[in-house]
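Okay, handing you the structure first.
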Amino acid sequence: MSPVTGVVPPVCTPLTPELDVDVASLERLVTFLLDAGVDGLFVLGSSGEAAYLTDRQRATVLEVATAVTAGQVPVLGGAIDMSAHRVLAHARAAQQAGADAVVATAPFYTRTHPAEIEHHFRTVAAGVDLPLYAYDLPVSVHVKLSAELLLTLADDGVVAGVKDSSGDDGGLRRFLRRRAHHPGAQPVVLTGSELTVDSALAAGADGVVPGLGNVDPHGYVTLARLVREGAAKAAADEQDRLVDLFGIVDAGDPARIGPSSSALGAFKAALALRGIIDFPATMPPQLPLTDHETGHIRTLLGAAGLL
Amino acid sequence: MSPVTGVVPPVCTPLTPELDVDVASLERLVTFLLDAGVDGLFVLGSSGEAAYLTDRQRATVLEVATAVTAGQVPVLGGAIDMSAHRVLAHARAAQQAGADAVVATAPFYTRTHPAEIEHHFRTVAAGVDLPLYAYDLPVSVHVKLSAELLLTLADDGVVAGVKDSSGDDGGLRRFLRRRAHHPGAQPVVLTGSELTVDSALAAGADGVVPGLGNVDPHGYVTLARLVREGAAKAAADEQDRLVDLFGIVDAGDPARIGPSSSALGAFKAALALRGIIDFPATMPPQLPLTDHETGHIRTLLGAAGLL
Amino acid sequence: MSPVTGVVPPVCTPLTPELDVDVASLERLVTFLLDAGVDGLFVLGSSGEAAYLTDRQRATVLEVATAVTAGQVPVLGGAIDMSAHRVLAHARAAQQAGADAVVATAPFYTRTHPAEIEHHFRTVAAGVDLPLYAYDLPVSVHVKLSAELLLTLADDGVVAGVKDSSGDDGGLRRFLRRRAHHPGAQPVVLTGSELTVDSALAAGADGVVPGLGNVDPHGYVTLARLVREGAAKAAADEQDRLVDLFGIVDAGDPARIGPSSSALGAFKAALALRGIIDFPATMPPQLPLTDHETGHIRTLLGAAGLL
Amino acid sequence: MSPVTGVVPPVCTPLTPELDVDVASLERLVTFLLDAGVDGLFVLGSSGEAAYLTDRQRATVLEVATAVTAGQVPVLGGAIDMSAHRVLAHARAAQQAGADAVVATAPFYTRTHPAEIEHHFRTVAAGVDLPLYAYDLPVSVHVKLSAELLLTLADDGVVAGVKDSSGDDGGLRRFLRRRAHHPGAQPVVLTGSELTVDSALAAGADGVVPGLGNVDPHGYVTLARLVREGAAKAAADEQDRLVDLFGIVDAGDPARIGPSSSALGAFKAALALRGIIDFPATMPPQLPLTDHETGHIRTLLGAAGLL
C-alpha cells in the first residue's frame, strides 16, 4: 500500500436509537465522504467512538466501510485497546475485514515506560500484516510519543506513519523539520487537528484526519487543495470558516455533560441535520444533547452554508 | 450473595514462557491462597494483568479460578474496559464463568464527566445479574470516585461496594465515617492498599485486596485476624513486616522499566521463588526483571521468612 | 534546637476586614494553641495563607508568633517561594524574626528535575543558619519528594526533617520503615494529615501538623497522648470525632469557590465562631463563605462539642 | 499606551558567575534587541528567569531595561507570583521602575477556581495604574485561561491583552476567530511560541514573544515582516530556519538536568557564543550545561548563520 495522505476523515459511527450500528446511515456517510473527494477513511478512531463500541460493533463498522469503499481509497482501522496483545486482536480483525492499515496508541490504563511503549509498537507490528500508524493522543493515553521513538520505529519498518492528535503544533513543526533532516525513513505525518490544518499542511504534514471532516468533508478537501496550490490566503479563509463551524463541539453544557458527549454528539447532530445519517445517538455513557443545544448546532451549520 | 469482606487477594495470572495462561500454575496459586484462609478472590484486576490479557485469556482465568474455588469463597471478576458496553461484555463473560460479583472502574481513555460516570455504573449494573463493585483507581482511570456518587449508587442498589485503590487513606477514613452516619445503604469498602491495612481495617474497612497477598496470603490473613482481635500492636508489627516485604515492587530499575513491569514482575518472581508458580513471565509490553533484580527479591523474601 | 515533634499546628493568619494582619487575633490564636498544650507552631504554611500574604504581612506574622511564644515551644517559619534564592530571602527573614526552623518546598512554577530539587535544598540549607524541614506538598508543587532524596539530604545534614503533606499514607509508612532500617541520619517525620493521625503516629511519625488543629488543638493534643499511651481504640475514637469535624472544609459550594477558599475560610469561620479571632476574612483571590455555609460550620462545631 | 504588538522578546537576565545581575551584559542585550528592530520588550518572564530572581534582582532588571530602552519601545514587566497581593507588589515595583505594562498569570501553588482566577485579575488591575496582560502559561500554572474569561475581562477594561504560552495553537486560532466576531473589546493577542509564529501571525495574532528571539531577534523581525507582506512561503522558510535553531533548547541531557536548565541555559550559552553577554550562568537550582552540550549549541548557531 502506498502511504495514506490527504484528507482522511475519522468516520463517525451512526447508531440506531437501540444502539446498534446503523448500517444504512454508515453506508450513506461513507458514500458522502467518498463523493466529497476524500483521500482515505479512518474508522474506529475517537470520532468513531471506538472506545465505546463492542467488538461486534467494531467488526460491523469495518465490514461496512471496506465494502462501500471497495478499494477507491485506503481504509485505516483503529485498533484501540490497553496493551499490545489486546491491540493485536483488533488489528487482526481489521486485517480480516479488509482494512489497508491499522492505527494504534501507546498502552494506556497501565502505567508505562518509554522502553515499554517501544516494545508495544514492535509487538503489534510483528503480529499483523498491515502497515501500522502510531496514534499520538495524550488526552486519552496520558503520554506523548517522542520524535526520537517515532523515527526509530520508522527506520526499523515498525510504523508507517503517525497520526498526531496531540494538539502540540509546535512539536509537530519540530518533528516535520526533524524528519526533513532525517537520513532514514520518512514516516507519514497526519495531523488530527481541525483547526490548524492550513499551517500543518503548509509546513509539510502529509494529511489531515479531522473529526469535523465528517460534517464538512468538502471544506477540508478544498482547504487541502488550496494549500497544495500555494493559495495561502484563500486556504486561511477556508480554515477560518471551518474554525467557526467547529464551534458546534461546544454545544453541550459543560455543567451537564462531558466534552466527548458534546463533540461527538455535535458531529452526529450535524450529520442528521444535513440528512446524511438518520439518528444523532451516541454510545453510553455519553449523554445526548438537548433540543436547545441542537438548535445552536443548526445555527452554526447555517452560518457555514451547510443547510 | 453476602457481601465480600476480609482478605481478598487480586490473583496474579501465571503465564507460560509462550504467554499462554499457565493453567497448572494458576490452579496451584488459587489453591495456595485458599489454603492460607483467604475470604475471597479477585481475578482480572490490576495484579491479574487484566489490561494485558486477551479476552480468551481472561475467560480462561475466570474458568480456572471458579473451578478450583468451587464455591468455597466468593470470586470477583474484573470487567476492565473503556466504557459501559465494553465493560458489560466482560461482566457477562464473568457471570457465565460463574463469578460471584463483578468489579468495574469509571470510563477511561475517553474524556468523561461526573454525570457520565454515574450513567456508566447504572448501565453496567442494569445489564448484568451480579453484584457490582466500583473500582476506584485514579492512577489508571485519572478520575476519583466521589463519596457522594458511591453512596447514591449504593442507595439505588447499583453498587454493592467499592474497591478503593486510590491510595487516599484520608479520603477512605472520611468515607468510612460518612457511611457510618449514612441513613441508607452501607456499601462494602475494600482497600486496595498493601501498606496501611491495619489502620484501614481498624477504621472500619470491611476487607483488603492486596496484590502482595499473592506472595504472602498468610501474612494478610494473620493481620486481619489481629485487627479483629483488637491486638493493635501485634497487627502493626505484622503490617510492618509486610511493608518491608513490599520493597520487592521496587526491584526493577526505573531507568529501564516501568512500575507495572517492576511490581507485577516482582509478585510473579516471588511466587516462582516460593515454588507456587512455574514461570515469572508477564505480558507484553511489560519487560522482564533481570537476574540481579530477582536476586534482590529473593533477599527480601528471605528477610520476611518466606523462603 | 532539638527536633520538632508532637502537635505542631500550621497557624492560621487572622486578617482584618481591610486585609491587614489582625495582630490582636493572631496573638489570641497563638495563646489559645499554646494553652492547649501544642508542642510547636508552624507559621506561614498553607493554612497560614503564605501563598497569599505579602512579604510585609509574612514578617508581621513571624514577629507576632515568636513574640507571643517567647520560646515556650519551637516556631517553624514557612519560606514558601518558587526557587532557592527567593526561598532564602524568606528563610533569612524568618531567622531574623526569631524562628527556630524553616520549612521549604521543592521548586514550583518552574519545570524541574530530581537533581535540581536536590540542589535547591542544598542551596537553601547553605544560606541560612537554621534547621531546614522539607515540605512535601505535591498538590501545590506538582512533584513528590523521594525517600531516597530525603535520606540523602538528612545524612548530609541538609534537612532536619520532612513535613509530609502528600496524602500518601502508604508512602509515609514505607518511609518510616525505611528510616528505621537506615544506618544514617533519622530525619524527623511530621504528617500534614488531619485524618489519619492516629495511624501515622502509631506507625512511628514524630508529629503532626494539622490545619484543623487551629480549630481544635485540644483534640489533637489528646489524640497524640492517647497514641503515646497505647490506647489505640480511644485514639481511633478521638480521630473519628476529628474526621467528622473536618467536614467543615467542604462547607463551600464547589460550583462557586475553590477548595482553598472553602477550607481556609472554614478554619477561620470556626475560629471566629469559637471566639478566638475577630474576623473570618481570607486573602484574595479567595472568596468568602456565605452565611448559609457558615451555618453548616456552626452545626459541625456543635456536634464536635466545640460551641 | 497603545497596544503592544509585533516582536516582543522575553528578555533573558544575564548573570555574573557570582549570580548578580550582569548589568553591562543586560544593557548590551537590550541594545542588541532594540537594534534588531524589535517592537517591545518583556522583562521578568519565564525566559527572564523571573521565578528564580530575588526581588532586588528583579528591580535591577526593570531599571536597566527601562533606562536603556528610554521609551523607544514599550517595556512589559512580568509580575510573577502566587496570588493577587503578591503580584501587586511586583506590579507596583514595575510601575515605579517605568514599565509600560505588567504581565501576570493566574494564581499558582494554591488550588484555585475560575471565579477566583477572575477575582485575581480584577484585584491586580484595580491596584496598579498600568495596562495588564494576562499570561496564559499552563505548564507552570496548571490551569488554562478560558476565552470566555479573557473576553469578559477585556470588555471590563481589566486586561489589555493576553500572552498565550499555552502551546495550544488550535485554541489560539479559535480565540482569534472568536475575538473577530466579538462585539466588545479586542484584547491584544501575543503568542509565546517560537515555532508557529508564521501561522499565528497570519491567523491574526498581534505579536510574538519568543524566547529564542533573544538569540536571533533579526530572524523574528524578518519573519513578522514577511507575514505582514503576505509572503507566506518566505515566511515559512524563515520560520523553518528558526525551528531548526530552536533545537538548542534540547542541548541538555534530560537524564541530568531539567528542561528549564536546558532551554534557558541554551539561550544564554548562545548569547555568550554570539558575544552579546559575558557569561552563560543561570540561577539555582538550575544546573549548567556541559562543554559538550555547549558545543552542540555552537553547531546549531553556525548552521543558522549566527556565528
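Letters are used for the chains, namely A, B, C and D, taken in the order the chains are written, and counting of residues starts over at 1 for each.
Methods note: a residue touches a chain if its C-beta (ideal position, glycine included) is under 8 Å from a C-beta of that chain, and two chains touch if they have at least 3 such contacts.
Fair warning: this is a prediction, and the values are worked out from it, not measured in the lab.
**Q** Strictly by the touch rule at the top, which chains does chain A share as contacts with chain C?
**A** Where chain A and chain C share a partner, that partner set is B, D.
**Q** If you average the CA atoms of chain A and of chain D, how many Å lie between those two points?
**A** So the centre of chain A lies 34 Å away from the centre of chain D.
**Q** Using mean CA coordinates as chain centres, what's the chain B-chain D distance in Å?
**A** Computed value for the inter-centroid distance: 49 Å.
**Q** Hey, what residues on chain A touch two or more of the other chains?
**A** none
**Q** Taking all chains into account, which pairs touch?
**A** Listed by label, chains in contact pair as A-B, A-D, B-C, C-D.
**Q** Which residues of chain C touch chain D in their complex?
**A** Chain C residues touching chain D: 19, 51-55, 57, 80, 82-86, 89, 107-113, 115-120, 123, 139-142, 254, 256-261, 283-287.
**Q** Which residues, counting only chain A, touch chain D once they are in their complex?
**A** 167-171, 173-174, 177, 181, 193-196, 198-199, 202-203, 230, 232-233, 236, 239-240, 243-244, 246-247
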